[in-house]
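In what follows, structures are represented as structure tokens.
You will see two complexes here that share chain A, one where it goes with chain B and one where it goes with chain C.
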Partner chain A sequence: MRKKQFCCMTVAVCLLSLLLSGCKDRLDLENITLVLMVGIDLDEDNNLVLYSSSPVFSKEAKSKNETSKVTATTIREARGELEARVSALISIGKLQNVLIGKRVLRHKGWVQLLDVLYRDSKAKTNARLIAVDGPVEPVMYFAPDDKRRLSLHIAKLVDTAHERNLVEKSTLFEFHRLLFDKSITPYMTELRLSNSEIVLPGTALLDNEGIYRTSINLEENELLQIIQDEKLADLSLTLVLPDVKHEKSVFETRAISFYVTDVKRKVSVGYAGGKFIFDIDLDLPIHLTERLFAYNVDKNATRLEAMIDKQLEQQMGKLIAKLQKAKVDPTGLGLFARAYQYAAYKKVSDGWEKDAFAKADVRIRVDTEIKDYGEMR
Partner chain B sequence: MTGSVLKPAKENQVTLLQYILIIHSMQLGIGVISLPRDLADTGGTDGWIALFIGYAGSLVASLLIVQIMKKHPEGTIIDLISRFFGRWSGYLMTAVFGVYFSLYAYLLLDRMILLIHSWIMQQSRPFVLMLLFVIPAYMIVKGGWRALGRYAEIILLCSLWMPFMLLTLFDQAHWLHLLPVLKEGWMPVFSTVPATVLSFLGFEAAFFLYPHLGNKKKASLGIFVANTLTLIVYLYVTILCFVVFSPDEITYYNDIMLTLAKIIEYRFVERFDIVMLTFYLLVISKTWIPALHMTVYCSHRLVPIGKAATHLLLLLIGMLAVTYIWNPGWLTSDKWIALFSKFGLLMAFIFPVALWCLLSVMSWFPRWQK
Partner chain C sequence: MELLLRIIKYFNRRSLQTSSPSSGNRAPARGHVHSQLKANIEAIRAIFSKAPDMVMRSFFYRPTESHAVLVYFDGLADKNSINNNVLYQLMFESEDIGVAKGGRLGKRTLPLLPVTLGHITTISSFDQFELAILHGKSVLFIDGVEQAYAFNTQGWPQRAISDSQIEASLKGAHQGFIETSEMNVALIRRYISSRELKIKELSVGSRVASKLSILYLEDVTEPELLAEMERRLTSLNVDCILNTGELAELIEDNPFSLLPQFITTERPDTAASQILQGRLCVIVDRSSSVLIAPAGIAAFFQGIDDYSTRWPVATFMRLLRFFACFLAAFLPGIYIACISFNHEVIPLDLILSIGQFRAAVPFPPLIEALIMEITLEMLREAGIRLPAPVGQTVGIVGGIVIGQAAVQAGIVSNLMVVVVSSTAVASFILPNYDMASAIRLIRFPVMLIASMFGIVGIIVAFMVLIAHLISLTSLSEPFSVPIAPIRISDWKDVFVRLPLWKMTTRPRSVRSLQKKRMGSNRSDGENK
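This part shows the complex of A and B:
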């Protein structure tokens, strides 16, 4: 009886395994072209141009990357065009970077192009979105001798620069959140090809519809991340203190550098006279790493702290004014407005950055405390 | 190869843990994948509060079921109805429960296949995918309640890591999303309650499982623990989604839990959603496999011809045939599940309440006091 059962089962399993060929999703690794980087740009006549960059694993190929360029109406349509060009079948499951030309960012409705990357469950939503200052083409075809594959180099560059708080980083997933959340505007890393070198000049700030507004540089980005309370790894600031005595020289000897070792942020939101009032208290323990002027920190720490506070407050105030002028709000203060002043927020939620943030009164108070001033007196 | 589905209760008893897990696992299935989105749809960021109301409702219904079953502890609901209301009412209820559980099993199995189809194997035909699940299901259901209980235990062990994996996502959390609590008052919360009530469906399995429970004194405790476990899981994923996704974007995603798992990434494994979904399929399988068992129980009571295993075989072949011919897509599946949940409301909430009232009234008369 048992033996008969066993035989029946075996036959059944063998027969059923024949059906496995009905799975049509089988794809051999040799038949895949992994697209690591996609470029989106507009040409002179405003036609959409798409680039793909994928690694080549063949020993015979001299170049380690293959880049193709097609014109198409959508990204998914470009896949067909690309598959007729690249070595094998396109897969965007390992996508690392999506480069978008600033020309694209200036036109309404470009965010709809990304739909396929969200809708297709096979796409990777951790790909970084990067705004390219200038045309995308030279970046896509750029092949430096002293770097590894450009797509991986850029990915690493963006990650590490973001880790040091120098640029903001938006993955597709994060970008979607920033774009749809009414209380915050999106941003993405900016990238430029200058003198045959890939440079990240800072962060591109976009408005609620994804249209490019303005850019901030590396220092401003550090300040922004302090205001956002999103300090990641080492955050090092260099300030020039105008109140320090200074002898004329080609070198700036009033500079001081320090690590901000922690950010303790307190935000209180008020609403009065049709205006939001944000009081941001920042407690920053700092660790001096460089001081180009003579100063007795032992005795006069408080005065130095006060000078640093004043300088930081000034710079942050300038940054906020710049954001308000450009009508963008990457600070995330809108989240506080929604959480603590919901009734007032609800009225302006549809145009938060234009109607409320741009007019808001943002008061920043910085309180640094020198915890450590290094190995020298 | 005997009809072990119909073995008498003594030989197919389940322990308290198995009883808890079978009920809990029938509740926890495809719901989790889209639940946070459904709650946000009507309740905004306060949708999670409605979970407690849904939980209270399901708890009341569950405890009533246990109270009802106490009146005839040695049999299932079918035996109880036949005893109190006559043979023909018994037949009628058998048919109703049979249809209910066959729909339950089919719609959930089909939804699971759709998930695999759209997330993993987009080019394969759904009935081929279904075939792969039908065989293990046959083997488990044939073993009766005890096998189902053991299956539930094993799957619990296999899926324990998942909530811990999701913990890493809390570093992307924006807790401010949850404030202010009750931002639009209580109305959105109340309008979300129906969605939460339905996500607790599954405890009606106690109607059939109760006679198999060894220690019947713990039945109420068991069903309480099962419901609470389900609440904890639901609450966990809902809060997680609410703090990670912006309140303005959360309603744009369909399978929100999978989208969330997609952003978990390690150096050695990308696309964590696929790993997650693959394991979660096991959890989903625990919802429809017991339902299959109850369908077969009902069909065999109604038409006691042949072995129960033959009924099961025919049922599974029927499901395959339906998928082959009908091949429902997401829209059809959504529509049918919405219809089915109305049926569920009737069977799991209204039916026990009505039956309990009826039995309480009847027990005043000396004829039914025993």
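This part shows the complex of A and C:
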């Protein structure tokens, strides 16, 4: 009888499983148009324009990618329009990049457009958010011969550039966090199409409502990542040391390049006279990789270190001033303020980057230590 | 399944209504051996009509001054032995016998028969005679003697002991069981030369008696197991048992399960190792494999080579087998689920290439998978039937040529060929053929459920399988022991194979009477 019971149970389980919600959403791979890249832009009349780029699997198609353009009020509405154009049913489960025109970033409330990408459980929240400097359309239709399909090329480009600390990277998921955390402002990778080449000029910095404020270039981004203590792979800096004797030439002979092998950051937060005071101590062990001037590092390392320290402090100071001027705070210092000076932070928490960070006194002290100067003296 | 049960029940009932097949064939008692030779010969002719291979050699037996007949089956008996040890002796060397001429030959004088054979039995009824002669013995009838004598002159065609083909091993012994039960017992005795190795002989089958021998270690094996096995064997009511597989099917706990509930092996070393662990071994005469019970799931993943290779290597192999078993059952299902339902879980670059392959294929993934799987199963089966050199060719032609051509013709996709062939390779890793076949069969319902419900379906299939494994029993002992119910101390030889000097106790799963297997041959892992 036990065996019979077991058989009955098995049949019952099989029958019950027919009622599961997982049964109706069968969608074979060949019936799917995988949208790998979505573009969001505004045209001249400020109508929302949406682009989708997806691979074409059929051997008969000459081009490996199909790009479509629709005007719609929301991304979800655009899906219907797009499905009437592309070869199969749209799936955003493998979305790689979301390109957003700077025109869009300048308008309040654009962040709400992303709602569907967060709400739909099948959407991929690891998609990279990228700000496009200029119109999005030429980027979406750009099909270079010497690159793989553009959506994948851009994804790889952003990942590797971020790995080298050249640009910041925000996925949809991370962007959400940055946006809703009052003590830090969001940022996203910036992208530009120049001379038929995709270039990442740096990072776009946004304010807490997602409105574009300013951009930083690759070098500034490296410094920003040191301040954030988010150094990833090799961080290579090139500095011109003004204190070194300059021999007249067309070439700059005062340049020095080094790897920052590690970042040890200490932040102390004070509050005095209605101002936040940040003391940032950075201990940077460095490896010299390039030195265009004669110098005996073996004997005079300390002096060289001091020159580098001074130069770095200056540049970081400039960067902070730029951020304060633009009233954005991607540095994450707000998190320290919240942690250590909560009483003072609470009063300004709603407008941290405008009311507090912009006025804060940020003192950066860099202490480099030359660990290695290469194979030559 | 309900329907299936009904149908089977219907047939069961029908077969019960008609008188049980064997009872009608049960031979009526043919009475005792007569004292007149003539009557005996007539009785023999009545029992064995149309048996041209039966030899009846008449001669004059001098000690009793009477006629005698030696009866045997040509082919079942060893002719040399009959000529030299029986006939020659009876005819010419019989002067010295201590029986007065014309005297009676009785039980007491049995040892005095001038036959140079070790094993002689007296026979009083024709039932015994029939059994003896059918087992290759030669039987002597003497006029005036109300008894017959059976001589052990068995010599039926018999194969040489060779390596088991189905359970090949690299470092284990290269002896496999053969079709003679006495020889198989001897092979096991060679491994366990201990007086505690007991052999219980049973005879099953009403038309043709099949000799079954239960081998066990008296001081190790739990008596309940033995009793249960004996109960099952003695309650059998069949015509004849030709094979161990037949026996297993008749006495297993759950006849509807896909999984084998007894281990059948052709290796004496495997059998010996199982007996030493406290299990029973049933040898079926005329079958070259033996049955081991109770079987635990772990035993199907243990190869005999595991114990002769170094333990980290053996552990790796063990884990590989479990992994391969999972692959063999679920990989095509997972593939189908991924490309039909959950394409989000496939890495991007892979999905792009799968998309390209799939675009060329006109069938849905399930059909595609079924085409490949069935082709592969056909190739496998064809490979068994064909002689070895041709079988290999078929494998190559099938695997490479058909696979490649099918991809080029756009019938199946490249990746499906990869999936199916890796599944096939995985399914051949299991050392036990029965288990491997079961896993191969489980794959099909998994594929079906995956194509209907995606990953959810696979999880359901997995859970059903686990539930079944847990509820399954072998000889009324839990089948999934030591995993469920948990016997942590037995895990030393399940997923991993710990060093032998750590396995000092017999498995608790078999409830052996004697727990200790060896002393600590190494203390603290140091070589003493």
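Just so it is clear, the second predicted complex is superposed on the first by the 355 of 377 C-alpha atoms of A that agree within 3 Å, B and C clash if a C-alpha of one lies under 4 Å from a C-alpha of the other, contacts with A are read in each partner's own complex, and residues count from 1 in each chain.
In the analysis below, a residue touches a chain if its C-beta (ideal position, glycine included) is under 8 Å from a C-beta of that chain, and two chains touch if they have at least 3 such contacts.
Remember, it's a predicted structure, so these values are computed and weren't measured experimentally.
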item: First (chain B), second (chain C), both or neither touched by A:94; value: both
item: Chain B versus chain C as contact partner of A:335, first or second or both or neither; value: first
item: Contacts of A:10 with chain B and chain C, given as first, second, both or neither; value: second
item: Partner chain in contact with A:176 - chain B first, chain C second, else both or neither; value: first
item: First, second, both or neither for A:29, with chain B first and chain C second; value: second
item: Chain B versus chain C as contact partner of A:63, first or second or both or neither; value: neither
item: Partner chain(s) touched by A:196 [first = chain B, second = chain C, both, neither]; value: neither
item: Touched partner set for A:46, first chain B, second chain C, both or neither; value: neither
item: First, second, both or neither for A:249, with chain B first and chain C second; value: neither
item: Those residues of chain A which chain B touches in one complex and chain C touches in the other; value: 22-23, 25, 93-94, 122, 124
item: Contacting residues of chain A [partner chain C, same complex]; value: 2-4, 6-11, 13-14, 17, 20, 22-23, 25-30, 32, 34, 36, 55, 57-59, 91, 93-94, 96, 122, 124, 152
item: Of all residues in chain B, those that touch chain A in their complex; value: 1, 118-125, 128-129, 131, 135, 174, 176-177, 179-180, 183, 245-249, 252, 258-259, 262-263, 265, 270-271, 273
item: Contact footprint of chain A on chain C as seen in their complex; value: 1-2, 5, 254, 256, 339-341, 343-344, 348-349, 351-352, 354-356, 358-361, 364-365, 449, 451-457, 460, 464, 467-468, 471
item: Interfacial residue positions of chain A with respect to chain B in the complex; value: 5, 16, 19, 22-25, 93-94, 121-122, 124-126, 171, 173, 176-177, 179-182, 184, 335-336, 338-340, 342
